[in-house]
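Next up: some structures, all given as structure tokens.
Here subunit A shows up in two complexes: once beside subunit B, once beside subunit C.
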Partner chain A sequence: MSLPADPLVIADDVALSDSPGQTPPGPDVVVRGRRQLVFRRLRRRKGAMAALVLIVLLWVIAFVGPHIYEAITGWTYANQDFRAFLKPPSAEHWFGTTQIGSDVFAQTMRGLQKSLLIGLLVALISTGLAAIVGAFAGYLGGWTDKVLMWIVDLLLVIPSFLIIAILGREFRDAGWLVLVFLIAGFGWMITARIIRGMTLSLREREFVLAARYSGVGTVGIVFRHLIPNMSSLLIIDATIAVATAIIAESGLSYFGFGVQPPDISLGTLIAEGTRSAFTFPWLFMFAGGLLVLTTLAVSVFGDGLRDALDPNSQRAGGSK
Partner chain B sequence: MTIQEQSTTQQAALGAPLLEVRDLTVEFAGEDGPVPAVRGLSYTLEPGEVLGIVGESGSGKSVSSLAVMGLLPGNATVRGSAKLRGEELVGRSDRDLARIRGRKVAMVFQDPLSALTPVYSIGDQIAETIQVHQGLSKQAATARAVELLDAVGIPNAVQRAKAYPHEFSGGMRQRVMIAMAIANDPDVLIADEPTTALDVTIQAQVLELLDTARQMTNAATIMITHDLGVVAGIADRIVVMYAGKAVESGPVGPVYADPRMPYTIGLLGSVPRLDRPGQSLTPIEGTPPNVAHLPTGCPFVTRCPVRIGICSEVEPALEETAGGGRRAACHRSEEIELGLIHGAPVFPPPAIAEVREEVPREQRDAVLEVEGLAKRFPITKGAVLRRRIGTITAVDGISFDIRQGEALGLVGESGCGKTTTIMQILDLTAPEEGTVRVLGKDVSGLNAGARKELRRDVQVVFQDPMASLDPRLPVGDIIDEPLRVFGMPAEQRRARVRELLQLVGLSPEHANRYPADFSGGQRQRIGIARALALEPKLLVLDEPVSALDVSIQAGVLNLLEDLKVRLGLSYLFVAHDLSVVRHIADRVAVMYLGRLVEVGSSDDVFERPTHPYTQALLSAVPIPDPVAERQRRRILVRGDLPSPANLPSGCRFRSRCPLYAELPADRQQKCIDVDPPLADHGGGTQESACHWAREVVVVPE
Partner chain C sequence: MGRFLLRRLANYLVLILVATTLAYFVASVALNPRVRYEGRNPPPPPAVVEQQLTEYGVNDNDPLLGRYLDWMGGVLTGDFGKTVTGGDINGELGSRAMVSLRLLLVGSILGAIFGILVGVWSAIRQYRFTDRFFTAFSFFFIATPVFFTAVLLKFGALEVNEAAGTTLLYYTGYETPGLDAGFWGSVKDQVAHLILPSLSIALGLVALFSRYQRNAMLDVMGSDFLRTAQAKGLTRRRALYKHGLRTALIPMATLLAFSFGTMAVGATFTETIFGWHGMGEWLVESIRNNDINVTATVSLFTAVFILLSAFLSDVAYALLDPRVRVS
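What follows is the complex of A and B.
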């Protein structure tokens, strides 16, 4: 079917009245998809871009920093300076030392490595799981919904503490990756329930019906229509999950699995440092500061992503 | 009588109009400075007169009367003057106005459900207004409330007075609102879109009642509506509003016959008319201006086809024109006569593709065949152990077919099963009863792959253009979604999106914007573009224009008409607006309570309807022509739709049938005993389901 542009198809409103200087329709207009448009909108958000740079910087100093530091001062997170106990920051120990002479800078960097990995992975997994389970349960309904919600309710009522204590024995030596799955595995249920509720109302909207009648399958509808329409909530949820996971990890490490001494994480550093936060602030300050910086950067970036995804957001500017 | 009332009566005797509104302006506090909603509105209202205020959404028609009543929120600034019998209303305290509201000026709102308090019984609510203003005892007020309910046609008024708002149907609630409004014999009755939320047959009942109420109380009425047909039937004078100003006013007859302001001409030309099916619609291009950023000069200038230099510099005042108390706000009003300017039409009729050769219907292939389709919903009780306590039959054995290149209009009031029918067809799965064949293929025998393949040929356009487009997807992605599903390569998809956007009268740049950036009409065009992406044979249109303003609606209807011819599409056009169906459909199927009661070619059914329901439906549709409208005889349907769970025996329509009431007892017995099948009754080519079908002409030629 060839369709010439017929000037006689009288449009009620051919041109958008609020877009001055609009060029007449030409065949060379690039039709961009959502991914490209969102990316362009995100790039225009200065705050989000700065936050992204900050997150990348944190990764770089967490992983490259210790090596450089070792080259300059000779200290790693594992060895101790028996001439300096509880010394404030100096040229030799940039962030000071602990009671047993460990270097706080080296420890903080090592901790940051673990915490960045744990925080971001947990946020990704738990929010992703919540979105998928919630959206499928809400959209499909029936038995899928019942079974998935049983699992959610079960996980909610069983004290996660108990499960982790039992499983902890088995996974004592498995390392931090198991920890990530454990924290994520017990952190997604409430969000999943909220997402299911939102899906229940979204699936009645005509655009979902329209997609279905165009032949789009269940998976397509969930990932293309339902989840993007709930992205604001999901992004906020993921941002909060980053900070929660970092703190939760320190609690779990206390029970003897996950990050074990001499290995260290921001969470364990903070847990130990809080006791002397006022007397020896350097033990606590730097780890705490980095935690705040990490979550702040993630949340500013999340904000920008939310605005870029939401076409109604005024702050992200036009869609071009 | 108080001293103040005496003085106002004296003033009225001196010849002051009942209500005089002068230079009324309303501004709302906005983000970027004040937003003017009404910009200098003046009108007068004489006792017993009906004034129609017409305008599209956002024109300030409702705000202006809320300002007169003092019912605007605190962020609105009202200036100017509104005098009721010489007594100033603007600027009075709320306490002062409360004495006037309900007693001298009463209002009927659009949505009667939200206008009534859900936790008080209807009788108590009416009695309350009587007690407040007349100081009667509770018992006397309640008795008067029952009297009023009886007067507005609520059956069993004594019992129904004890019922709560949710127990009433929409039409009945509006009757209650009217009873409440006339409870204190007001001088002025303001009806704000009183019938917009109602079906046509109920609208006819309510309009009739408003007229009766006016005669009972001799109140002057202000009728605010977007429906030019309603005004044509009821109003004495008309004020046309646009962007917060009156742009034309005068006696109804001359304004309709010979409008002088291009906007009025455009508005009248864009309404499809039941009595002029062949007439092409002239849409008004563009969209109403944003009142927060009005252009200099005439607010209509960007949409006006006959604008000249001065129009974009000086805003025309509402000045006398053409004599007879008529006014128009147009620099060129003196040049315009009978919709023509120097002999040429102000709005030239658009060119729409016409069918070149007509193959007889019988020789064309059937695109959709529906036979004996039925859909029943169980009514269940109990949360744990569900028991079936009854069945609602939403669709009860309907049969119709659509041939290639044909538009079938499926009409009926809300709750008749139209939507259930099309959803059943669109699902492309085996129906509970009956068969659905698309392009000759029975859908019950399809596997998943074949069903998906068949989706290419059946596409849908929904009613609400905002809800049917994913707000988070750019327009390009929305339109190319069906193409993506069917695995078209990305490069071809992009080209096709550009092509489709141009086809529906948008431009390719629009592909990179989001739905929120578009107006209602444009969004509906995007919905149409998506539906056309796969080159379907059949397009199901579910009320595609009912959410749009009339001036926008015409453009979309013209587009649909044009596409149908150019692409050889078939339409299943579902609508409650019979004028729209008359304009676009080749054949019509009238639905009542899950059954088809009359099926036939558009011309036959609309010109010579044989079923009493079709006749009532058609006679209830107002025609935007005061002369024709006032000569028509209304065939009123009694009461509301019966509950689908508890249908009358025999003919389903008999409980409301105007013909049944006139029949002798022996003939009535047949209606009670025998359910009439859809059958040919001679005369026209149409079939109707009535034992005593006879042709009645209800639409003037």
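What follows is the complex of A and C.
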């Protein structure tokens, strides 16, 4: 993108300038890199920016909040207030207390930490796996392709909820990281198929051929030339995977197949709160509300990111 | 078209077999029915335990392949084996399948119809209030897990019932036990029980489908053939419905098939929360109770349901897209 002759860059510059239709002045044309363009497009989308701010806030609240809260009220997720059982929200316990006097705010923040971490890790693992499997299958072709795609099809067919539920129960002592790998292990297949399809067309392109003829090995081509060229799709996919993973984790925890005590996630809190959601709504509403807020923010941001990274996509095309 | 559908059907039968087999093996390896006999007081004699486990076909000392073949042979002749407590799976399967199917069918039909309508409507009214409203609606319900929607619906129902002064909407079970109100009375009762659970499933589906349908419709609306249709004298409305909608529905047929799996899992939450004794609830119970045969049976049911809907979506695809029929 170093030449100002790139039609996309010019078109976008025109669209971005304050007076559209006016041709940019000839000699001192400002050439923007792709990254800068993406950021500018993203900044224009108010919904996406609001979502981004919200995501950052959620991380800050989840990880810094408990310390401030402890400084103010003195409660952590682990200790119990034996003078307040099942009390509604108050100045001392912002989100109320549970049956055994645990502080709901501190517990909810603890759960939010875990849910955010699980979402992030699952997204990284599953998107990374999808990129590697898809790119190798598409680039190598032949038997590698056949075997890898057969595995993809097989994993798509088997009842993943059942398998994760059973295996998660099996490894319940191993902690929540196993759960991350299980959820990620069943979440990469469709993306891998898309990546493979894109690789099939990319591998015939000049820059890949040039790299191959100048002696770059298979691994080098896949990691340095193929995967970076699909980065927009991968970023979008990872964003979607965050929301999916958080929902999947909370669903499994809801039935007691996911995060196991003493670990807390939003799912386990919601599961405990559902039983008494009518009589003691604070046990349920804060955890549930934060869960919805998190997934909502992530998906709105992902949507805006898609438009910013891929201006030719349907949505952006319609939004001129 | 016949050959295309037959080939798909054969493909799906193989997939059902693979999915069920895998579910059976994973369940057999991971679940341990022997736990049920441990910790009993007085402890049952080991020989009795062995005999019982073997009788139910879940003894881990018997070869796995043999147990699998026994169970599969039974399934082919319509016998799904015994539960871990010695009950007959066939007896429970019928009533549970009916409960689940009622929920799944009503939920999916409502979800598909309203999802498509909402999507088309938003596309036609792009960037107006309706479109913005439904976009916000879909984002909310795509981001909300079923178990949260279900509880919110329960809250809503409580308010409605209080405002009406009588129980209009039920949120536990699928019928009033021991109700004697004649045929129409019980139909009315069952419908009143069905509303909330189906809504909890349908809302998510409407949200998902409407997004895709909106995109597909916008795609079609900008296409040349639609302009041609208008140029030859069709009104915009006629052109949209006759030429546009049909084309925009084609990708939806595939999406429908993919989303039934998610819906079947979602129904598990719905059943548990609303106290419906269906297949989803059975699956969760069976995993907790180390019940291998029931787990495998429910997996078989889910696989059949998902692939049947995939097959129906193939039929819809073939009906909508003439190119499939020709090739």
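By definition in this document, the second predicted complex is superposed on the first by the 175 of 320 C-alpha atoms of A that agree within 3 Å, B and C clash if a C-alpha of one lies under 4 Å from a C-alpha of the other, contacts with A are read in each partner's own complex, and residues count from 1 in each chain.
The working rule: contacts are C-beta pairs under 8 Å (C-beta built on N, C-alpha and C of every residue); 3 or more make two chains touch, one makes a residue touch a chain.
Being a predicted model, the structure only gives us computed values, none of them experimental.
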item: First, second, both or neither for A:Ala91, with subunit B first and subunit C second; value: neither
item: Touched partner set for A:Ala71, first subunit B, second subunit C, both or neither; value: neither
item: Partner contacting more residues of subunit A (subunit B vs subunit C); value: B
item: Which of subunit B and subunit C A:Ala211 touches, first, second, both or neither; value: first
item: Partner chain(s) touched by A:His225 [first = subunit B, second = subunit C, both, neither]; value: first
item: Which superposed partner A:Phe161 touches (first subunit B, second subunit C, both, neither); value: second
item: Contacts of A:Val292 with subunit B and subunit C, given as first, second, both or neither; value: second
item: Touching both subunit B and subunit C, residues of subunit A; value: 318
item: Touch list for subunit C against partner subunit A, complex; value: 15, 18-19, 22-23, 26-27, 30-31, 126, 139-140, 142-148, 151, 154-155, 158, 215, 218-219, 222, 265, 268-269, 272-273, 283-284, 287-288, 295, 299, 302-303
item: Sites on subunit A touched by subunit C in the complex; value: 154, 157-159, 161-163, 165-167, 169-170, 243, 247, 250-251, 254-257, 270, 274, 277-278, 284, 288, 291-292, 295-296, 298-300, 303, 314-315, 317-318
item: Complex contact set, residues of subunit B against subunit A; value: 283-287, 289-290, 302, 350-353, 426, 452, 455-456, 458-460, 462-464, 467-474, 476-477, 480-482, 485-486, 494, 497-500, 502-519, 521-522, 525, 527, 530, 533-535, 551-552, 554-556, 558-559, 562, 566-567
item: Interface residues, subunit A side, partner subunit B - complex; value: 1, 3, 5-6, 8-18, 22-27, 29-34, 37, 205-207, 209-211, 213-217, 220, 224-225, 228-229, 231, 309-312, 318-320
